[in-house]
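Labels A, B, C and D are assigned to the chains in the order they are written; within every chain, residues are numbered from 1.
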Amino acid sequence: MKRELPLTIAFIAGIAFIIAYFIPHPPFNRFENWFSDWFAIIAAFAIWLGALNLMKISFIKIIRKKSDWLHAILIIISFVIILFFGFYEGYRGLHADPPFSFRDPGTSFDWIYVNVYTPLSATMFALLAFFVASASYRAFRARNLEATLLLLAAFFVMLGRVPVGDIITGWLPMEYQMSQWASWIMNVLNTAGQRAIMIGIALGLVSTSLRIILGLERAYMGGD
Amino acid sequence: MKVKELLAAVIIVLFFLLCYFFSPKPVQFSPTVSVVVIILLSLAFVYVFIRTFQGKFIGRRTVFVFVGVSLLLPFFMQFSLPVLISPEVRSVYDALEELPPGSKVLASFDYDPASAPELQPMADAFMKYAFEHGLKVIIMGLWPQGPQQADQSVQAAFAENPGLRDSIKYGRDYVNLGFQAGNEFVILRMGESFKAMFPTDLYNTPYDSIPLLKNVSNFSNVDFGMNFSAGKPGTVEWVQIASDRYKLPMGAGNTAVQAPMAYPYMKKGESGRKQLIGLLGGMAGGAEFEKLTKKQAKATTYLLSQSFAHMVVIMFIIIGNVAFFREKKEKE
Amino acid sequence: MADRFTAVYICLLFALLLFFSPSTPVIAQDKPDADTVKLSSIPPDTILPEYYPLSPSNIRVSDVPNDAGGSLIIEWDLSPDDHEGGKVKEYIVLRSKAAKGPFEEVGNATQGATSFRDNRTQRGVKFFYKVTALNYEKTDGEFLWKASSESDVAGPAVSTAQWFNFDRLNIFIGIIILCGAIIYFIVAAQKGKSFYIRKIAGIEEVENAVGRATEMGRPIYYVPGISDMDDVQTLASVTILGRVAAIAAENDTRIDVPVSRSMVMVTAREVVKEAYSKAGRPDAFQEDQVRYLTDDQFGYAAAIDGLFVREKPATIFLIGAFFAESLIMAETGNSIGAIQISGTAMPAQLPFFIAACDFTLIGEELFAASAYLSHEPKLLGSLKGQDLGKAVFLIAILIGVILESFGIPVHELFAVK
Amino acid sequence: MEFWHVFGIWFAAALTIGIISFLYRDNVLYKICEAIFVGTSAGYWFIVFFWDNLYKKFYVQVSDPTNPERYVPWVGFVLGVLMLTRLFSKIGWMSRWPMAFIVGAVAGLYMMIYFVSNAMVQVSSTIMPVFIGSWSEIIANTTIAIGTFCGLVYFFFSKEHRGAFGGAARIGIWFLMITFGASFGYTVMSRMSLMIGRLDFLFGTWLGMIP
């Protein structure tokens, strides 16, 4: 009951969605849309488990005065604040006339989004500008032939995508300028490599999906 | 909290307060000052080069300082670099030029404020171009913040060319259908019917009462698709479903990191049909499109900062290799 | 057990064949006679006769094949007046349920178009269509005058749903061959047939990497990517987590799994608990080893960076679906001197893992890792099936490229309509 | 309202500086920003999931009598409730049913999507005539065909990389390394522009020092 039934459910669901791809006749053509809605609803329930886990761990840190208990308080406070405004604005938006969404500009939820969430998210993303530089400094060294190819390709594409590259090769006719090399590397060499990887991924993914549907990979089921 | 950490925090706060209250607004280097700054930067590089050659290798934090400085200083300088048009950007522009006035363009904004520096300038240029050439724009978004970014592009177009404010009417010349969760399944369902996916637009007016959408039931009634994408869902999903399955001619604007993924789709298949007609790749793509639509703006000024930062990265790759060969020689 | 699957597999194939009910496109029966000119609603005397464009002819209506029904394609020959600067500005498509019945407008097509697809028809209901060529003059959106002439009625036409999408026949055959090959080699492996499987550096290193953490007495961190359970990369990562957790349990080293999705938390807990009990140390497993941080991409990256820098793990696994945050984690992991084994099937992120990590599983290698680490013959057999798929594609490319040069469209076999 | 706007910009600037300070070393300012980020972002997605998924996708669709598919979301609801049984260890195993359904459906669904778009389409576009067209097209098509061919050979699991096969695999890894280098080079540009955006905010919107 604990293992055999779930594996059968997985098998039936897998086969159903493979067949649905080939049958346009209703209801099969609706499977993909139904699944996307079901998944969204299940995920909306599951996030309660995650949030409760985050709160539990933070509370334990505070009660047991662990090293970073101050930050646990901050996590709980910011979580509760945005939760309060999210529900408040959402509820108020539903019953307002004309109704508005909690995301609309001007709501307090949007204020948190614009002034707290977005700067944190954008700045964390922007740290990549520094990390990409330090990674290049460390990794692009001509250790062997493969590393040299990696280095040269990055070098030429980087130079080609910026006007400086064309200034250096200005004396060449238009189609042999640095930016055209970069475009050629991207359009031909990069396409070839991407295709080999994509085909490989497709085959690997089909094999993994099949192993899961046939119940050979049952790790996700856990113990009895 | 160690004293060193506190000291560093105090210095940072003081620096920014000084800038806030006492610095002239805006700061603009005269050409001579700009040249001096560039010379100083180059000298710093030469110094690092020599130290590495002598075997004293620099650490990550030196790289960070150089990148930070080279990104910031060009903001205050005043000269822009020549921009060369790449074929991918050219084909998007030509595809838009071929659309007769009154054609319907589906513009999907699939990015968030974090990727705005790269995609907003090209989105603004696209919106202004569409309004000025009488293209009817149907805006939607697969990312929650997409439609808001699209609204910024519309306001930027109105600010850039006030004449548009009265000739362009919401509902007749452009409409914003807002965000819809569901990633690629949104595109799938739009293949059957836009109305099923967007019963109302962003401002809750029902689909059928919008004049622009009167005869638009799905992709076959739209003449061109433009997608601004910073990840998943984005251009790959639009190509896989809207272009492959529903044959919608597609152009796209991508962050530079997403662009390589889209290149395979631009190869002309045997049937002569390109899965993706063209691509605006990153800031450079934005600057090229701005040049084509004759609207030099933020993308062009940012490009100078970016060129400096690029040069810094390239210099550090060279210095990194010098360090590697120096190390190898020491081992032998 | 595997032969039970082959039996199911064959009857699945047979059931599909049963469903074939070729759909016959419905073509309009009566041929339209001479076209008739009907005046539009504007009073006739104000519009001169020569403004009236000639109507389109030869109207054909057919059911859109290979769809769920509800769509009909209306095709017509261009009206003689439809040329550059000609009188036809637009075509209006009108529909009604009866030949004579009230016609209502269902769509328009620009000048020069010869077809329109009506997606708003009910399945199995008869419809009649006619197309009008429209000439008009308007200033900033308001019509000055309109002159249109209608074609004859075409129909009745019925839209039907098909049980098999013949456009996807090549995909159907392709997936049957691939799945057949994978199942064949799984069954063969079960019967004791052994295969050579090449070494993959990243996977060989897993044992040493866990060993390093044991020697240094520092924890192992396993980051299963930021996608939810609706991504096969996450499923593969969770399976690999099971193998890695088992090795960690045997070496009595703590393994931490900070996750970004709640469902991944639930599954990962099951997997790690099972791995600990299989390694005979069920008591060593604490629930909070697998904990949820946040669903947000960069919030998760920020929290992971904080954990790396404070806990200073000796070994880090970055396996699953990653997006832009991949280098944020990998570079921070590198800065604390940890051994990093990464694996993803996101082509855009592979360059960063190659640059920042010690070992990287590239695309397909991520999916092969769980089979490798299991050392189970039947899972290794599935890799042989994948290789057969690759062989088919390789030969297709080789022969295809040559034949294409002689004009034989081999690519059609693989084209997606 | 003006106060909240100015306070918002100052607060955003403080958070931006806090995150950037991580580059120097892990410090208290970064820990504060990280805690706020984790709490706020977890709450943000909790709210988005509640209103967009539970309310819009479930409640609105179910309570709309005109919707012919209004009973469909109930399946998602039941599976969601079963997922919540994880909270109680006695009946926690029931959460395996929705999980099995998701895993099975995802396996079946993405098997087809990836097989078509990643394998079939890419193979069909690689099969191009290599002796027809202009010089540049011939070189391009041949190189792509060889690159994809050798790249695939590299990924072979069950054959020793020796002899001609080994040679092709070697050419394959060369193509892959060039692809990674090119993608990396192409990406440096976009990462820089992210930081440019943040500096534009700090020194432009906040301090007003940029023209």
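Methods note: contacts are C-beta pairs under 8 Å (C-beta built on N, C-alpha and C of every residue); 3 or more make two chains touch, one makes a residue touch a chain.
Since the model is a prediction, treat every value here as computed from it, not as a measurement.
Steps from chain A to chain D, minimised over paths through touching chains, total 1. Common neighbours of chain B and chain C under the contact definition above: A, D. Taking each chain's centre as the mean of its C-alpha atoms, the one that lies farthest from the centre of chain C is B. Chain C and chain D have centres, each the mean of its CA atoms, that are 14 Å apart. In whole angstrom, the spacing between the mean C-alpha positions of chain A and chain B is 19. Touching of two or more other chains is recorded for residues 68, 171, 175, 178, 230, 232, 235, 263, 266-267, 270, 293-296, 298-299, 302, 310, 324, 347-348, 350, 352, 354-355, 362-365, 368, 383, 386, 389-390, 393, 404, 411-412, 415-416 of chain C.
Chain contacts: chain A has residues 15, 18, 21, 32, 35, 37, 39-40, 42-43, 46-51, 54, 68, 118, 120-122, 124-134, 136, 138, 140, 150-151, 154-155, 158, 161-162, 186-187, 190-191, 194-195, 197-201, 203, 205-206, 208-210, 212, 220-222 touching two or more partner chains. Among the residues of chain B, those in touch with two or more other chains are 60, 64, 67-68, 71, 114-116, 144, 181, 244, 256-257, 259-261, 264, 267, 269-270, 281-282, 284, 306, 309-310, 313.
Taken as a contact graph, with one node per protein chain and an edge wherever two chains touch, the assembly is complete, since every chain touches every other chain. Across the interface of their complex, chain C is touched by residues 15, 18-19, 21-26, 29, 39, 42-43, 46-51, 53-54, 57, 68, 120-121, 124-125, 127-128, 131-132, 134-136, 138-140, 150, 194, 197-201, 203-212, 214, 216-217, 219-223 of chain A. Those residues of chain A whose C-beta lies close enough to touch chain B in the complex are 32-33, 35-37, 40, 98-99, 103, 105, 118, 121-122, 125-126, 129-130, 132-134, 136-138, 140-143, 151, 154-155, 158-159, 161-164, 166-167, 177, 179, 183, 186-187, 190-191, 194-195, 198.
The part of chain B that touches chain C in the complex is made up of residues 60, 100, 102-103, 114, 167, 172, 192-193, 215, 217-218, 220-221, 223, 231-232, 244-245, 257-258, 260-261, 269-271. Taken in their complex, chain C has these residues touching chain D: 170-171, 174-175, 178, 195-198, 229-232, 235, 263, 266-267, 270, 293-296, 298-299, 302-303, 305-306, 309-310, 347-348, 350-352, 354-355, 362-365, 368, 383-384, 386-387, 389-390, 393-394, 396-398, 400-401, 404-405, 407, 410-416. Contact residues of chain D toward chain C in the complex are 19, 22, 26, 30-31, 33-34, 37-38, 40-42, 44-46, 49, 83, 86, 95-96, 99, 102-103, 106-107, 110-112, 114-117, 119-121, 123-132, 141, 145, 148-149, 152-153, 155-161, 176, 179-181, 183-184, 187.
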